[in-house]
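Please read through the structure below; I'll follow up with questions.
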Amino acid sequence: MAVLTREAYIERLREQKLNAHMSGEKIDNLVDDPRIRVGINAIGTTFDAANDPDLHDLVTLESPLIHEQINRWTHILEDEQDAVAKAKAMRQVGGAYGCPCLYRCIGNDLINTAWIISYDIDKKYGTNYHQRVIEIVKEVQRKDLVIGGTIVDAKGDRALRPSQQPDPDVYLHVVEKREDGIIVRGGKAHSTAALYTDMLCAVPSYPLRENEKEFALGFFCPLDAEGLTFLCRPATAPLEPLKLENPIARKYGHAEVFVVYDDVFVPWDRVFMCGEYDFTVPLINVFTANHMLSKCGCRSASMELDVGATALIAEVNGAARASHINDYMNEMIMNTEMVYACAMAAAVNGKTHECGVFIPDLVPTSAGKAFAAKKLGEHRYYMQDSAGGLVQTMVDEKDYLSPETGQLMEKYYKAKEGISTEDRVRAFKLVEDLTSSRLAGWYHAMCVSGGGGPQMLKQGIRANYDVEKLKQRAKKIAGIK
Amino acid sequence: MAVLTREAYIERLREQKLNAHMSGEKIDNLVDDPRIRVGINAIGTTFDAANDPDLHDLVTLESPLIHEQINRWTHILEDEQDAVAKAKAMRQVGGAYGCPCLYRCIGNDLINTAWIISYDIDKKYGTNYHQRVIEIVKEVQRKDLVIGGTIVDAKGDRALRPSQQPDPDVYLHVVEKREDGIIVRGGKAHSTAALYTDMLCAVPSYPLRENEKEFALGFFCPLDAEGLTFLCRPATAPLEPLKLENPIARKYGHAEVFVVYDDVFVPWDRVFMCGEYDFTVPLINVFTANHMLSKCGCRSASMELDVGATALIAEVNGAARASHINDYMNEMIMNTEMVYACAMAAAVNGKTHECGVFIPDLVPTSAGKAFAAKKLGEHRYYMQDSAGGLVQTMVDEKDYLSPETGQLMEKYYKAKEGISTEDRVRAFKLVEDLTSSRLAGWYHAMCVSGGGGPQMLKQGIRANYDVEKLKQRAKKIAGIK
Amino acid sequence: MAVLTREAYIERLREQKLNAHMSGEKIDNLVDDPRIRVGINAIGTTFDAANDPDLHDLVTLESPLIHEQINRWTHILEDEQDAVAKAKAMRQVGGAYGCPCLYRCIGNDLINTAWIISYDIDKKYGTNYHQRVIEIVKEVQRKDLVIGGTIVDAKGDRALRPSQQPDPDVYLHVVEKREDGIIVRGGKAHSTAALYTDMLCAVPSYPLRENEKEFALGFFCPLDAEGLTFLCRPATAPLEPLKLENPIARKYGHAEVFVVYDDVFVPWDRVFMCGEYDFTVPLINVFTANHMLSKCGCRSASMELDVGATALIAEVNGAARASHINDYMNEMIMNTEMVYACAMAAAVNGKTHECGVFIPDLVPTSAGKAFAAKKLGEHRYYMQDSAGGLVQTMVDEKDYLSPETGQLMEKYYKAKEGISTEDRVRAFKLVEDLTSSRLAGWYHAMCVSGGGGPQMLKQGIRANYDVEKLKQRAKKIAGIK
Amino acid sequence: MAVLTREAYIERLREQKLNAHMSGEKIDNLVDDPRIRVGINAIGTTFDAANDPDLHDLVTLESPLIHEQINRWTHILEDEQDAVAKAKAMRQVGGAYGCPCLYRCIGNDLINTAWIISYDIDKKYGTNYHQRVIEIVKEVQRKDLVIGGTIVDAKGDRALRPSQQPDPDVYLHVVEKREDGIIVRGGKAHSTAALYTDMLCAVPSYPLRENEKEFALGFFCPLDAEGLTFLCRPATAPLEPLKLENPIARKYGHAEVFVVYDDVFVPWDRVFMCGEYDFTVPLINVFTANHMLSKCGCRSASMELDVGATALIAEVNGAARASHINDYMNEMIMNTEMVYACAMAAAVNGKTHECGVFIPDLVPTSAGKAFAAKKLGEHRYYMQDSAGGLVQTMVDEKDYLSPETGQLMEKYYKAKEGISTEDRVRAFKLVEDLTSSRLAGWYHAMCVSGGGGPQMLKQGIRANYDVEKLKQRAKKIAGIK
């Protein structure tokens, strides 16, 4: 059955054996550790949505590849409508469950990328990568697999190229090519959530040159492969059960993972790039085009949650008609819709690749994601100025729930008639979780840096933009021959 | 023949008789007056484009109504693709000719609006407005007519409603209903370019109440109707021929027009709303949905011209590699693409009305237009900091062209080897025209206020946005029942 | 001896008996609790500075009141130079120790306010408040006391005035006037750090009317007064000792406190306002004038630390010459200096009150504090885009320090030759603490809301600004009589 | 008599003989040409102010040099109070008369610069420049002279240094040193207003190296010196008399001037730098420190006029209580006060040079001027959204004043009861002049570029800022040794 439930996904994880460390200790149990569980919950929403009557039609479809119902995040984009649906699914699922990062986009972005690039490499070099990718995608669809991205290399000294690093392992590379497969070595940073996925995918993150062929590597790999080590940072989840506080963080979040490939063997049938350095730029572009589309979807979900939270906090404070708060909300609505609009534009202006797969336009979504990153601080400011100081000065729920002090809080946190103090406390705890909790700290950092920081996005846009044409037009208009 | 040339449009204007005043004098000759001609040129680009091999396919199509080739600006939108094409045509034509305001969008926005609203009114009230609109649209398509919008009422005291004004004429209203038609009176402000169009269209600009039926008026009207007076402000065109200066203003611009309807008779077959006050809000929404789509198209053309002009000025100054100038360009590119993205989103998220006409989503484009208005000052700042002080301190072309002083300018305005001083002068004159000439002053003001200022757009977005749903979601996430 | 050491301050706290609760438990030991100790450390910097050769001259002076050396934070401002020194001390001490909030400003702001307002009330009503304040200030100076502000009332329903609240206790008020003193009741929110001070000061936070005299209350009060309860939220300190992480949070932070006055007796010689509702606006203005001066001082310390941290992270990443990072630094420098400039302007444009005390101008510093609040998000964005994703994805120091995984981190977090991996880790942990840790979340929220959010500051500025004069000038220039 | 009247200044100009060209023609009569007269008017305000009872005390003082009353713009700064007064005079005089650019600041900035730098050069090289400057300043004070700055060289190719230019004349340089003086050649751009001053001053604008000694030149020079040519661009004044329109532009503005020194002889007693290339950076810093102080003064006058104009337009539209307009005004007030605050900070943090002259701190005012440049577009946007479309669509005053059409305008531009239509027209014409007239175009461009564009200012700040100290502090806080 190709559309799994959250439970099935978790059961599969329970079987997983891997070499993982977190906060100085080895991880034995992925599934029940509160520092990891919130991440599993987050990915779990993509399974829930597939089985949720409200979201089912958006999130599942019949695969033209395996002719079964599949989860949209395992689908290869066929046309503009698929691109729209992908962004829409990110927004709707994120919004419905209040989950800031579903994570699963990256797997979809990677299989689309692998599909296209393997086709192009085969065409140029006569390799047979593409068929392997097709088989893997079929497997992903049939088993409803979650794919973990290991993309950004450790990078070492940023002023040096991969080939110039004193320690070559700071970029993942081939150390041996064997008849049955390859041996790879190196470290991949920022592999968020890779710990609780079903299969890893590695691709290069840097435009390589001819003398850097060994770094041009694309492959899939199981998590229990020998030589793999996962170094993990806990999710920003609260460590004890809470009733009012951290309404988001106690459900969702992600562990951050550094993946070390230490002479890991990858059989040839899992490899789709090995040495074709001239396809690193196209690969990065296709991946970015897909990933930024996803990001504009999920960001708009987060951004519109800010609108809802502001409306709520204004209500519980008795300030629903304050003109400045309403103006803040208007600004946030416009920001949200502009970010989402970028995804729509990427769909409309996308192109169908020769192999039949649809590639969204990377320019508007790169702009949209950079815009969202810049607007984060503004949204936070709007929410905090709307809410007031209690966002940070309200005491713990333990005090509120304690018999000794609870009565005092009940009395003194009471605001508007008809709204219970508890509901007001809950509203503040939501705004706190969106603006200043550890979850917020982590999430905002990810919104700036994840998938490439603003400066990197600007460079990507520029490399894909015809400024020369605009300059020539300006000349013509100015009367310059 | 349904696709006219610029020349045919101008010939038709030459026949026009009207009662018009400008700068204290009566206007006799529309076509040859330099203060008006630039406006005719601007509209002329929509005819040129239809006959331009590069743009023909985008700008013309076969009308499903009259089954002839027509100009896209006379077309009734049928689907998402039409909406995309409408925005794209605004961007491409504006960009190709360097024309900041084609003006003709408003006619298209109005016929689409009239088409839909007349259908809805007929449905509710059993009137027969819709068929009249169909006939008028057929005429517009067959003759390739340019329609002048008379929309925004004079408004009087803003703190009072139409029905409360001491002088009711500050809102256009019916003064008499006759068997053959109606007599209307009132003043319509901001009727940019209406002077050199082929037919006026009047619609209400204010959400009316039951006791304000007389102001609920929609009709078409010839420009030579008795009782019509046009009070005009000259376009910002230079009054004498120039060779280097004002490369845009000497070609394009618009006269601003205040239209006085002083007991003008409108026959019933030109009327499509008369008293149906409850359709003023829908009418304003449909018009806004169309007009903001158009604006996001034309604004992106202007905004990308800023990119080209900055690239050019950097080149002629020898500063093409300055990192701050390149960053300015990156920011302007992202701004441009976000504005255009809003038009794409409006197309993707638009809906087909019961009568078969496509209505774009007004939310993203209203946000996009407000965003563009806000970014104008930033673009100007970027261009001026990239160019330097010569934008304003460079002497007149008369000095440059004078034998006495020209040699000195040739010597002292010379910058980079290989770029002629004249070309550098031309580049500066372009930046001046984009940032600080009278044209720029007019255009930027229009970009802020035209079609509704940012505050009005925010209110429109808010009225069409489901904040309550977002608040309920926030409650659910916070754990509030 | 009037200038104490940190140790003496802590010893005094150790004696303190009070009724305080935190996270559902009663607090027994203020001084050794890690959730409180960081706050004591923060205040401790003001004692350290007084004994630090580098800062001594700035932070101590001879009191014209008691003719002994005193700590500047117990001084009553005499002139412009004192105001400059006050802001400078905030910046220099915050900067030297990397402490985001010294807290002690508020005590200085309050004694200056009490001094002036008691004088004015006496003058109008013939009371004898002023002499009492003088005596208290002498005590504060002699003993180098730390004063805790209890200012912002619980407020209840924001749409209702104090006199309209169903529960009057949401605003602190007099419940009985006795011969020897008054009995007060009510809750004061946002009393940051009040827990570990030597004396409380209460003032009104709301402009009161004649029928609200009972809320017009200013007094000083010991922390062990019967009826006082402190409800506390822990500081954002790490709960276990750390070596690399949270370099700031493991040293500095503040507990947040809600103070309940439950029929607390205050003897008359500690009261300086009781019923004089017409002095609440002047009181708020004087307090704001002082407090915003302090804030512009400490904010500029935080903001310039962002510059230093960005320079450091760029260095350890090998990106010190990246033009975008340098531009970010330039922007942050300009922001910093503009905020500090507001403090200087407040000094230059301040006035000497009739009683001889100097009052800074509240307008520039209110603008400066609101500006700083808005720029927080921008600084965070700049730092994160300069640093990259490791700000959030770097594993815990436990992994780095563990023998099993430490070697891997040593290898993979190594960047620039000549900079140790440990130093790079430390640099990232600093940026994390400034941008996305719990400390950052708390601190940024306080920067927005503390002392009044931006909207409240705008209203305060407007109430103290002569817009009418500017309108009259505009009329004259426009030629309007 | 050392404090002249406007009339005396104009009479002196009438005697002036010079070789000047404008718009392709030779200029014969400076004083009565409308394209120049507005500039003379602008400078005239500095004489008016000295004789205006309201401003006299601020604008005049007794010279410690000649012991007569002098105009403040001829004064050498002695202390912080002088610096405050200089900025305050810029703001008050600009504000009182509604004059956007008094121009005369530059003369004061230059004599202060020449005074200090000549002292330093003498000290190092044993020259006798300083005494010459003292004599010139005495003359300037006694005769109340207006000094024209010729500072920015033509610059040629920006990618080349002065010594590398194919044509050396694009930087002013010495061509011959004679016993009695020097012969200089080269072109100085952006010499705004220099045409109607009493004496020129030339200084270098570029940090020079040892092999570029010939460009290191500082001197004073009469306007009728042989070999001088003034190439002028007309002020943006209306060319015919107006009654309602352009209330500012018809009074004030400036001609832009390019000054060609074509083998001009300058006697030694007017020279204060000749070859001392190592003093170009100090000279630029001292000049910038003075000029940015002036700019923060005059900008705050312009910025607060925007506040007044917005209040006025809201009143005449009947929108005085609109919350968004009031928020715009609050933002503009805060911007204004922050810019002015930078001038105050420059005064407080300035230093007294060894020669006894006070030098303001260049850092805050450079930041303030760059901030003002960035906020220009925002202010324009605020004013236009507050006013509405009539800013650009209102017809000419000729139509309003014409008997034929005036009645219609009177009827249709009428808004709020109690406010005459004429006053409303005047209010709109003021907003137009501030936002979108040619004056506005010129003025805004000057606000961005004049005295150095934002990027140049950032570089100046950075060169005078101790980032290394901040980095070391960050290291210490992070625990890095």
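Residue numbering begins at 1 within each chain, and the chains themselves are lettered A, B, C and D in the order written.
In this section, contacts are C-beta pairs under 8 Å (C-beta built on N, C-alpha and C of every residue); 3 or more make two chains touch, one makes a residue touch a chain.
Computed from a predicted model, the values in this text were never measured in an experiment.
K.L.:
How would you label the subunit C and subunit D contact, same or different, if same means the shared numbers make up over half of all numbers there?
P.N.:
same
K.L.:
Centre-to-centre on C-alpha atoms, which chain is most distant from subunit A?
P.N.:
Measuring from the centre of subunit A, the most distant chain centre belongs to D.
K.L.:
Have a look at B-D versus A-B and report the one with more C-beta pairs in contact.
P.N.:
Counting C-beta pairs in contact for A-B and B-D gives the edge to B-D.
K.L.:
Let me have the rounded angstrom distance from the C-alpha centre of subunit B over to the C-alpha centre of subunit D, please.
P.N.:
38
K.L.:
As a quick test, compute the distance in whole Å between the mean CA positions of subunit A and subunit B.
P.N.:
One centre to the other, that is 40 Å.
K.L.:
Could you tell me which residues belong to subunit D and also touch two or more other chains?
P.N.:
Residues 324, 327.
K.L.:
Touching subunit D in the complex: which residues of subunit A?
P.N.:
Counting only subunit A, the residues touching subunit D are 323-324, 327.
K.L.:
Which residues of subunit D touch subunit C in their complex?
P.N.:
84, 95-96, 98, 244, 247-248, 304-305, 307-309, 311-312, 315, 326-327, 329-330, 333-334, 337-338, 340-349, 363-364, 366-368, 370-371, 423, 426-427, 429-430, 458, 461-462, 465, 467-480
K.L.:
Taking the touch rule as given, give the residues of subunit C at its contact with subunit A in the complex, in rising order.
P.N.:
21-26, 152, 154-160, 166-167, 169-170, 187, 189-190, 192, 229, 231-234, 256-258, 260, 317-319, 322, 324, 373-374, 376-378, 380-381, 384-385, 387-396, 398-399, 401-402, 404-405, 408-409, 411-417, 435-438, 440-442, 444-446, 448-450, 453-455
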